[in-house]
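Here come two complexes built around chain A, the first alongside chain B, the second alongside chain C.
Our next item is the complex of A and B:
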């Protein structure tokens, strides 16, 4: 009796999950592209930092450029301005990353809400039943959760990195590209790709119907 | 069925999942991701239930993301759990939480504005189930924020709450990780007994600038920053500091004197500066106490001009002066020889306050014993008040040793017979024999005396009564003394012909009252150096005062203390000793260092002293105040008259040679342990022994016994009357009528 009852709700949940994974795929693509766009920007932060360092090392009155008034201050101003612009752009990218994170969180929340609503009719055995083409509901919820955690952590790390930058701390600015790269964990990326492979049959199966 | 706890998968780290089998989930009515509380190792962990990926039963993996603080300090998990240790919780969405944030470095705390920290915390906490007084571990985010301590949740409930995007996060404080972890580690502090007043005063100094900084600044006063604790060893100075620091949650930087002293010139000063820098850094993270233990070794009185210690002293002085208002740490020094400190250290601005912790009074001892024995299984026969009365002169450390020894006795006793492990009074009595008060340990008059009861002294009823009046009554009935406005006498002089039990009387008095008992003779005091004897006597009094109530016994006082009226030169050692004694007996007052017990009630505590308390304190004063002198002499005429006036040796008791009745009593006591024939007539002997002293009578009995052995061989089993008469014939009395006459003329 109960298994017959739970079939419709499990189907509905599977539908939502399917949609979530489709979203995850697009999200992952957006995430990747945004990160790829960030790389030159971060590189230029490092560049500008090096230029600022060079400027602070040189003593302009001792060079042929001494004829130009206030050259050091002007150059410094220009470089800082450029740095500001780059950081502004990076912030925009950050907002994009945030939107990816949020949209994924919303998907997950929707799936969970649906599950909680129907939790009385969905018994645990139905939730943990796996078939050759489809993983169990529990597994899929878990993967979505892990992906959410990954996005949250990645976003937070990048955000704190950008927040910690100070215009007067040159060494920190110079090391920005390396630190940005080091935040990329291959295992986390792979996990999401793996997940998407694992659910590919399940996601595709719907399209066939 | 118990669950085996396995380490969690790396993919689960930070997910707050608790992996269990499906069967367990359904028996507990758990759904996927529903919050569950796990009781482990004295704490709880809030998780979300999740089935294991292989769906097997009997195993459990926990992610310790949200736990009670004690699990952070010791994350060792038991290897198995019972299913009853899981409790499903209902869950509500939270509107509001109050948190304390634990960050890694002071730098981050200083540089990062609060709204950014707030944003970060909000991001981290979103989707996490929390519970009041739990700590959320966010170390795996690799951010500067390490832990988030949930102080309050709203709506307030005991169940789990989910932090959502709509939950507002209020940060009530930030702490550094080091400070937080130390606080967790230092939590369990042993309570201290009998030091409440000192404790409160120290805590007040620590907390005032911390909690009411604006009040202090508006008053325009700077808070005291230095306290000197002075007191004899073992009263608990170091423990007190540790306890207060633990209570306030401050960090503690300890400097032990010898540790900072280096061999190369300048090394010690540098070490000292480093210590102050460390304290300053700690003070940035929270309240901090810099504790200079045994400060007398670090800062001795400066002498000469170029001693290397002088530089250390100077460095310490400048460092203490150089603390500015922003340095919010308190310096506490502890010493048992405050007089050997450099005087420059003891002025306001350096050590502002000096707290004297004397040897504990009777009430304090009772409190200390109460704390020490709090965890011991005591038999109902143990009377703490009685024990406190017997342990005169014991400091906290001695009492600790005493209770430990008593417990050991109980264990030894219990090993012989099986039964309930209880410590009763007999164990404490046994321990009292082995643990002696450390106050008197190095004192020169410390004597071990075999206890003598009043019954063992024949006759002398009047003298006994007078002694009991002046020694035992003030101890046992302080309320009666208070009521009638009486004071216990300062001193008692026993005089009388030799051999009439003066010394034995004192012994009995000491045994009957549980006082500490010091006995000095001329040999203890005299020394070839000028001034040494006087100092020894003064020191003796000082020690005696430290462990009052105390009886100081000066036997043969006429030889120790001279008289100014006699023909002796006015500057002899005896007359100088006399002046010391007069001063000590009736001096102007105590030295501040010898203060004991409770002196003042703190205003800040808002604690009114009830009249009953006050009365109790007064009683205590009666028996705690003074050292009692008992002097004995057989030449009262050679004593200085100043010594004999009321207020000094005010009870002058003549111990007469025994009259016939007394002689009979003495003979009874002496023959009590001897097998005497039925024909022995003690009354006849008593009548025949006119002018015999107690000592003579004892000798008479001994002689009779020896004569018996001589006559009848070693097998003799009873003493005949003839032997007594024989020995009486052989002896002559040691007293003469003329001698007795001189005693009976009243003392001028």
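Our next item is the complex of A and C:
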């Protein structure tokens, strides 16, 4: 291939960055939809915890349900089973979040590898030069890096939250929906959306070629 | 296939009936869950707070109307569930009949080989009896919950009523497996 030498390294890097942002866009869509799917599941966790709490507050032999002596135990078992199923589903969602995080990290790594390989020819001027349609290489690398940080931190926080849950710690389970919501940093999400806006011309500019 | 006439036919049809009845039960259970939640909501609205005090003298006009409506809806659901259990009883007794006929015709040793893949006729009777018992017990619980749901009671107890309705404590998770095994044995599900 003759192009290898003829394309200036800045163009090659831009090409890789363009691809990274395209990936970021699909990754962000996946991330967003997976988080949306988590909302009802997390709500179920809180709800089941409330049901378990109510059951533990009620003494069945003193209620109209006294004709069902094994009810307490059976209902408790069913509730814990239901909780187990929901947590399992949340774990599956966590795996999807992880794969988004990894996919983005791989894109970023590819961009940085290329940058480091050609670092000799990429001087400060080239890296910081920007045009009306294209942000500078340095800016774009930084944005990708910040997005990576966001995915990493978010994934870690959500994983820690889910792994801290124990079936017998009702107050922890009950507060799961609020704690899950509080992990949502609107600034982080907005940052990625803003980034995608800022590079939209740049990403589009290559479609025709 | 030996399963198309006589006892085999009967057991195979019964297996399909079991499947359909259980599906209808599940549908009714979902329907009833929504109604039961409505009843508890209405009731909590009428008597807010933990201690369910009698409603104050100046009650708004016709506060019981939606509650009444929801209650009669739930009565309808439970009576449909009762008729499902009645049909299950008939299925179980017809399976006992198949076994009795077999014992009468061939003696205590029964038939030489299984009617389908591997189950002796006795196992059909046992499985049906097991399923029937679960649904009978669950129906009894539902009938009890129905009687109590709209009455005053602590909030936690209301929550337990709803949990009972939703999670069906007397229908164990492996009853689903028992049903699938029955369908597999009778050839309704491919091996």
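Operating definition for what follows: the second predicted complex is superposed on the first by the 201 of 209 C-alpha atoms of A that agree within 3 Å, B and C clash if a C-alpha of one lies under 4 Å from a C-alpha of the other, contacts with A are read in each partner's own complex, and residues count from 1 in each chain.
The working rule: a residue touches a chain if its C-beta (ideal position, glycine included) is under 8 Å from a C-beta of that chain, and two chains touch if they have at least 3 such contacts.
If you're wondering where the values come from, they're calculated on a predicted model, not measured in any experiment.
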Quick check for you: in the superposed arrangement, does A:63 touch first (chain B), second (chain C), both or neither? second
Based on the superposed arrangement, let me know which partner A:50 touches: chain B (first), chain C (second), both, or neither? second
Partner chain(s) touched by A:79 [first = chain B, second = chain C, both, neither]: second
Per residue count on chain A, the busier partner among chain B and chain C is B
So, does A:191 touch the first partner chain B, the second partner chain C, both, or neither? first
Taking the complex as given, what residues does chain C use to touch chain A? 140-141, 144-145, 147-148, 153-157, 159-160, 162-164, 167-170, 173
Under the touch definition given earlier, write down the residues of chain A that touch chain B in their complex. 105, 112, 115-116, 119, 123-125, 127-128, 137-139, 141-142, 145-146, 148-149, 152-153, 155-157, 159-160, 163, 191
For the complex, which residues does chain A have touching chain C? 50-51, 53-55, 57-58, 60, 63-65, 67-68, 71, 74-75, 77-79, 81-82
Enumerate the contact residues on chain B facing chain A in the complex. 11, 14-15, 17, 22, 25-26, 31-33, 50-51, 53, 55, 112, 116, 120, 123-124, 126-127, 140-144
